[in-house]
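Letters are used for the chains, namely A, B, C, D and E, taken in the order the chains are written, and counting of residues starts over at 1 for each.
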C-alpha cells in the first residue's frame, strides 16, 4: 500500500515535470513575434549597459581607468551590489539576521559535548584560523576591485570560528558575537540614514570616491563591506555556537 | 576543449544531483550535495562570474554543508 | 518624500536594538509602530501623492525606487493599523526574538507595498516568509513547529519560481523596474509572457492563500497565537491584496483597461478564485477548531477579492476594495476575540465556548457583527463589497455567472456556520465552573471599536467612498498612471 | 551547442531534479537538500541568462578593459545571484533549525507526521 | 420628523436601549409593548395618506448614480404592516406575563430589530431597501428562534440554511432585474419584466422564478414546506405566533407586490382560464395545503401540528392569489388577516397551556377545560374560525377563495382545497380532544387559569374573530383600497355583505350570524334537558373498574390521545415516505458535512501541499495554453 502511494507520487511528479518541460519547450521554440525567452533585449536598452558604462546619472559621461566616475569600484558586480542596488544588499543582511535569529529561537537548547580533538588539530588550529581570517579580511577590503566581497569574506571568517569550535578552542563568546552583529547592523542602517541627513537620500554613497582601480576608492563600499563581513561572520558563527550551546528553554506551550 | 569540459561538468552535476535525491543515506546525500555545489561553483567560473563562484564555494559548498552535517548529528544521535 | 524610507529603516533599526532591550521591547515596538502608522497617515493625507522615490540617488530603472500612490499608501495605513492592534493583544510573548522578528515583518510588509522593483519585491516577500515562519514557530510546540516547517518548504519552493520568473524578465526585457516592465510588456512574445506570468504568479499565490497553493493556511493560523493571527491576516493578507492589484493589474495589465494582458490566464485565475471560495467555505462548514474556521474564511474572502479584481470593471473593482476594507476590519475583530475566548476556555473548539456571550455581551455582539459582515449581510461593511462584486460580475460572460452562483451557494454555507458559531457563545454554560482566565478589557474595547466602524461603513458606505474611488480610478488606468509616476512623460 | 546552452540545459535539469525531490521525498532533510539543488539550479540559470559567448569578467583590471565594456558578460544577474545565494543559506539554516525542533517534538523526520495529535513519545 | 422614518427609528433605538437594560425583563417587555402600541397607532393614522414617503441617498454608486434607499406608504404595504403590528401589540401584552423568571428568553431587543425590518419590508419602495430588510429579518429571526438553547439552535440552523438559500436567490434576482431596468425601483422593474416577457419568455420566467423561490421559501410553500414544523416548535412560545402569522406573510406580500402585477400585465400562454405560471402557483398552493394537512394530522407535538396548519393556510392564500381575479385576491388578503387573528389566538392559548404545564406533547395533557376554561373558549372559537365554520371570520375568506377558484374552473385545485379544509377538522379536533377534553392527568390537578395579562389579548382576539365574522367590512374596506392601489376596479364593499364571483352567491353574514345564534340556543336547550353525566376514573375506562397492581399500568399508557389517527397514518405513510422532501434536504446537509470533513482532513494532513502547488501551476499553464 505504502509503495503504491509513493509510486503514484512519483508518477504524478513526472507528469507535472513533463507538463512543465513541454511548456518550456513550446515557449522556447515559439515562432511568434516579439522578444522571445531565448533572445535578449537590445544591449543598449538593458540596465546593465549603463552600469558598465557608469553613466547612470549623466547619460553622456565617460570614465577612465584611474579617473573619477560616479561609482569608482572597479568590480562592476560590486558596484551593483553595494552601490546601485545597495538597498537589496542591506535587506539581504536582514534576511540573514532574521533567519539566524529564527534558528537560534527554534533550535532545542541542549548541552552537547564536543569530542576531544586530535593533538594535530588542536595545535595547528590557531595557524589555520589566522590564515582564514586573513583571507577573509583581504576579501572584504578588496571587494570593490577584485572578486569577493562582504558575504564570502564573512563566510570564510566564520569558517575560521567553526574550526575553532570544533577544535575545542575558546575564541569568542556568544554574547560578543551578538553584540558585534547588532552593532554592525545598526551601523549599516545608521550610515544609510546618515545619507538622508547629508544628501537627502537613504542608502546614498555619500563619501567622495577615489579613482577607479585604487584600493581607497568606491566611497562607502569598503566600509559597508567591512560591516557586512563582520555581521555575516558573527551571525554564521552564532549558528555553530547554537548547535552546541545549552541554556534555558522558555516554553510558551 | 572548454565546451567539452563544460559538458562534462554538467553531466557530473546532473548525475550527482540525481544521486542526492535517490540515495537512502542522509549523510551520503549531504556529502554528495557538497559536490554538486562545488561543481556549480566551477561552472560559475566558466561563465565568467568569479564573484558568484567564490560566494557559492564558501557559502553554498562550505557553510551550507557544514550546517547540514551539524544538524545531521543532532537528529541522528538518538537513533 | 525621501523620508518615506523611515517606514522601513526605523523598524529595522528597532529590530537590531531589540537584541538589547529586555522588558522595554514591547513598548518600543508599540512606539515604532505608532510612528509608522502616524507617518503613513500623514503621507496619505498630504497632497504630494503620487510620487516615485529613488533610493540611494539612483533614478529608476537603474536604482531601486519606491512608488507612493494613494492606493499603496492606503494599504500601508491598513497594514500598520493591523500591526499596532496585534501588539496590543499580545499575551505572554516575552523573548526579544519575537519583537525583533515582528519589527522585521513590519518593515517587510511596508516594503512589499511600497517597492517599485521586482527583485526588491522578491527579497521583501522572502523576508515576510521568514518573519512569519519564525512567528508561527514561536511557541515551539509540536503543532507550531510542524506548521512552520511545512509553510517554509512550500513558500521556498514557490518563491524559487518567482526568482526564475524575475530572471526571465531580466533576460528578455533587461530591466527589473516594475514600471519599466509594465511599459515594455507589449514587446514580449505572447508565450514568453505567459511563462513569466505563470512563474511569478506561482510565487505570489502561496502568500495569497489561493486554493491549490494554500495547504499551509489553516495549520499556520491554528498554530499561531492570536496576535500572530492578526499579523498573518491583517499584514500579510492585506499586502497580498495589494500585490494582486500591483502585479496582476498594473505590471501585467493591458494599458487603460484594468485587465490582465493574457485573457486565458485571467480565466484560469478566476477558476482558481472560484475553487478557493468553494473549497474553503465547504471545508469550514464542519470544522470544530475556531481558528481554523477563521483561516478557511480568510481564504474564502481572499478568493472573493481576487474574483472581484479579475473581473476588472469599475463596479467589481470598487466592490473588491470595499471587500478588502470590510474583510480587514471584520476578521481582525474575530481574531482578537478568538484569542480571548481561547484563553478564557482553554479550548480551541468553539463548541466549548458556551456562555461567553452571556458573560461578556459586548464581546459576543462584536463577534456577531464581525461574522455578519463577513457573510455580507446588509448594514455591515461586507455587504456593499459583495453586492458590487456580484453586480460587476453580471456584466461578464457566462463564466462569471458560474462564479456568482458559487458565491451565492457558499454564502449560504458561510452564513450557517458563522451564525451557528456566534449563537454558541450565547448558550447557557453547562457547568458552573469559572473561566480559566479573565477577558482583557482592552481586547474587547478594540473589537468593539472595530465593530462600530464596520457598522458605520455598513450603514453609510459613503464614509470610505472617496478612498475606494481613488483606488478604483487608479487601478482602472493603472499602467499609465503608474508608469507616469515613475517615468513622467513615457505615456 | 554553445556554452550558455549547455548551462541552460544543465541548470534546468537541476531545477527539475530538485522539484521532483521536493515532491517525492518524505525526509525533511532530503527535502531541504532538494530545495538547495533547486537554488543551485536557479543560480546557474540566472548566471547563464547573463552569459554571452566569449564574454569577459565584469571587473575592470586595466585601462584596456574599459574599451571592451560591450564584451563583458551581464553583471546584473551575478549581483542577483549573490543575493539569492545568501537567501538560500538563510532558508536552509532556518529550516534546519526547525527540523531539529521537529525531530524533537515529533520523534521523526518524516514530513507526514501528524502535527495535531498531542505529543506522545518524546518530550 | 417624517413619520415613515419614525416607524423605522423607534424600534431601532429602543432595540439598542433595551439591550442595555436587558436584566430588567418586565421593563423591557413593557417598552416592547409601548413600541408596538406606538407603531399600531402611527400606522392607524397613516391610513389613506398614500403619498407619504422617505428616502436617503447613500454614498455608494451603482449604475453610475448614487444608490437611494426609499420608503413609501402604499395601501398594500399598509394593509400588511398594520395588521402585523396589531398582532404584535396583542402578543406583546401576552409576552409581559409570559417572560417571567422561568420562561425568560431575553429576545425582546432582537424582536424589536425584527419589527424594524418588518416595517422596512412592507414599505420598501426599491429593491435594495427590500433586500436589506429581508436579510435583516432572516438573520434576526434566526437569533430569536435559537434564543440561546441548544435544541432550538439545531432547528434554527435548519431554518437558517433554507432562509439563506432564499436570500441568495432574492439577491440574484434583484441584481438581474435591476440590471435590466438600470435602477432598483420596484415599479420600474415590474414594467421592464413585463417587457422582457414579450421578448424573451424563458429568461423572464427565470427572473421571476428566482423571486418566487424566495417568496415560497419564506411562506413555506410546497417544496419548502418542512421548515416551519422545526422552527415553530422550538422557537420561544410567545414568538411562535409572530413567526406563524406575520412572518409567513412576507412571501405572500412579495407575491402580491411583484409577481401578480407582472403575471397580470404580461401576455402569457394560457391554461384554461388563467396563465400557466399562475396555474403552477395554484397547484403548488394546493399540494402544500393537502400535504401539510395530512402531516398535521399525525403530529403528536401540538406546536408542530399547528406549524403544519399554518403551512396549509398559507397554501389557501396562494391558491386565492393564483386565481388572478379580484375575488381571489380579496379572499387571499382576507384570509391573511384571518390567519393572523385565529392562529395568534391558537398559539397564544397553547402558549398559556405550556406556560402552566410545561408540556408540548398532546397525549401527556388532557382535561384542561376544567382548569383553564377561558383558554379553552379562546381555543375553541379560534379553531371554529380556522375550520371555516360560520359565523366566525375564517368562513368568509375561505368562501371567497373557493368561489374564486370555482369561477376560474380550477377543478383540481378546488378539490384539493376542500380536501384540506375537511382534513383541517381532523387535526383541530385532535388537539382539542387531547389537550382540553378527556381526563385530567393527576400531576396537573393544581394548575390555574392563565394570568390576567395573558387572558386580555386572548379575549380580544376571540372577540375580533367574532366581530370580523359578523361584520366583514372591517377588513374588506381596506382591501378595497389595496385592490384600487393595484389597479383593479372594485366597487366599494358593504359592511356586512360579501360579493363573490359566482352568480347568486352573495352572503349577508349578519343574517348568517342570527341563524347560528338561534341554532346555538336550541342546542343549549337540548343540552340542559338531556340526562346527567357520570364521571369515572380514567383507568377504570380500560380495566373495567379493576386495578390489578401486577399489570403495572399508569393512566398515561391508556391515553386515547397517543395514537389518535393510527389507521389514517398507516394509510398515508407510504405516500409521505415517497415525497419526504425533508429527508432529501437533510441528506444534502450530510453530504456537505462529509465533503467538509474530507476537505479539512486534506488541510490537516497537508502532506500534499507541494503536490497541490504543482497542480496549481499546472492549472495556470494549461489554462494559459488553452
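Heads up, the rule we're going with is that contacts are C-beta pairs under 8 Å (C-beta built on N, C-alpha and C of every residue); 3 or more make two chains touch, one makes a residue touch a chain.
None of these values were measured; they are calculated from a predicted model.
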Point to revise | Mutual neighbours - chains that touch subunit A and subunit B alike | key: D
Point to revise | Topological distance between subunit C and subunit D, in contact steps | key: 1
Study note, to complete from the structure: Nearest to the mean of all protein Cα atoms is the Cα centre of chain C
**Study point:** Length of the line joining the C-alpha centres of subunit A and subunit E, rounded to whole Å
**Key:** 74
Review point. How many Å are there between the centre of subunit A and the centre of subunit C, using C-alpha atoms for each centre?
Key: 30
Point to revise | Rounded Å distance, subunit B centre to subunit C centre (Cα mean) | key: 38
Revision key, fill the gap. So, in whole Å, the Cα centroid of subunit B is separated from that of subunit E by 76
Study note, to complete from the structure: Among all residues of subunit D, those touching at least two other chains are 19-20, 22-24, 32, 39, 50, 57-59, 72, 76, 78, 82-83, 85-87, 89-91, 93-94, 96-101, 111, 116
**Study point:** Touching two or more other chains - residues of subunit E
**Key:** 604, 610-611, 614-615, 617, 621-622, 625
Practice item. Hunt down the residues of subunit C that sit against at least two other chains at once, touch-wise. Key: 119, 123, 126, 130, 133-134, 137, 140-141, 145, 148, 150, 153, 157, 168, 171, 176, 194, 198, 219
Exercise for review: Could you list each pair of chains that touch one another?
Suggested key: A-B, A-C, A-D, A-E, B-D, C-D, C-E, D-E
Check your understanding: Where on subunit D is subunit B touching in the complex?
Key -> 1-4, 6-7, 9-10, 13-14, 17-18, 20-21, 24-25, 27, 29-30, 32-34, 36-37, 39-40, 43-44, 47-48, 50-51, 55-59, 72-73, 78, 81-82, 85-86, 88-89, 92-93, 96-97, 99-100, 103, 109
Exercise for review: Would you mind writing out the residues of subunit D in touch with subunit E in their complex?
Suggested key: 19, 22-23, 111-112, 114, 116
Review point. What does subunit D use to touch subunit C in their complex?
Key: 15, 19, 22, 28, 31-32, 35, 38-39, 42, 45-46, 49-50, 76-77, 80, 83-84, 87, 90-91, 94-95, 98-99, 101-102, 105-106, 111, 113, 115-116, 118-119, 123
Review point. Within the complex, which stretch of subunit A touches subunit D?
Key: 6, 9-10, 12-14, 16-17, 20-21, 24, 43, 46-48, 51-53, 63-66, 74-77, 80-81, 85, 88-89, 92, 95-96, 98-100, 102-108, 145-147, 149, 151, 212-213, 239, 242
Review point. Okay, in this complex, where on subunit A does subunit C touch?
Key: 23-24, 26-27, 30, 32-37, 39-42, 45-48, 50-51, 56-57, 83-88, 91-92, 94-95, 97-99, 101-102, 104-106, 178, 181-182, 185-186, 189-190, 192-193, 195-196, 199-205, 249-253
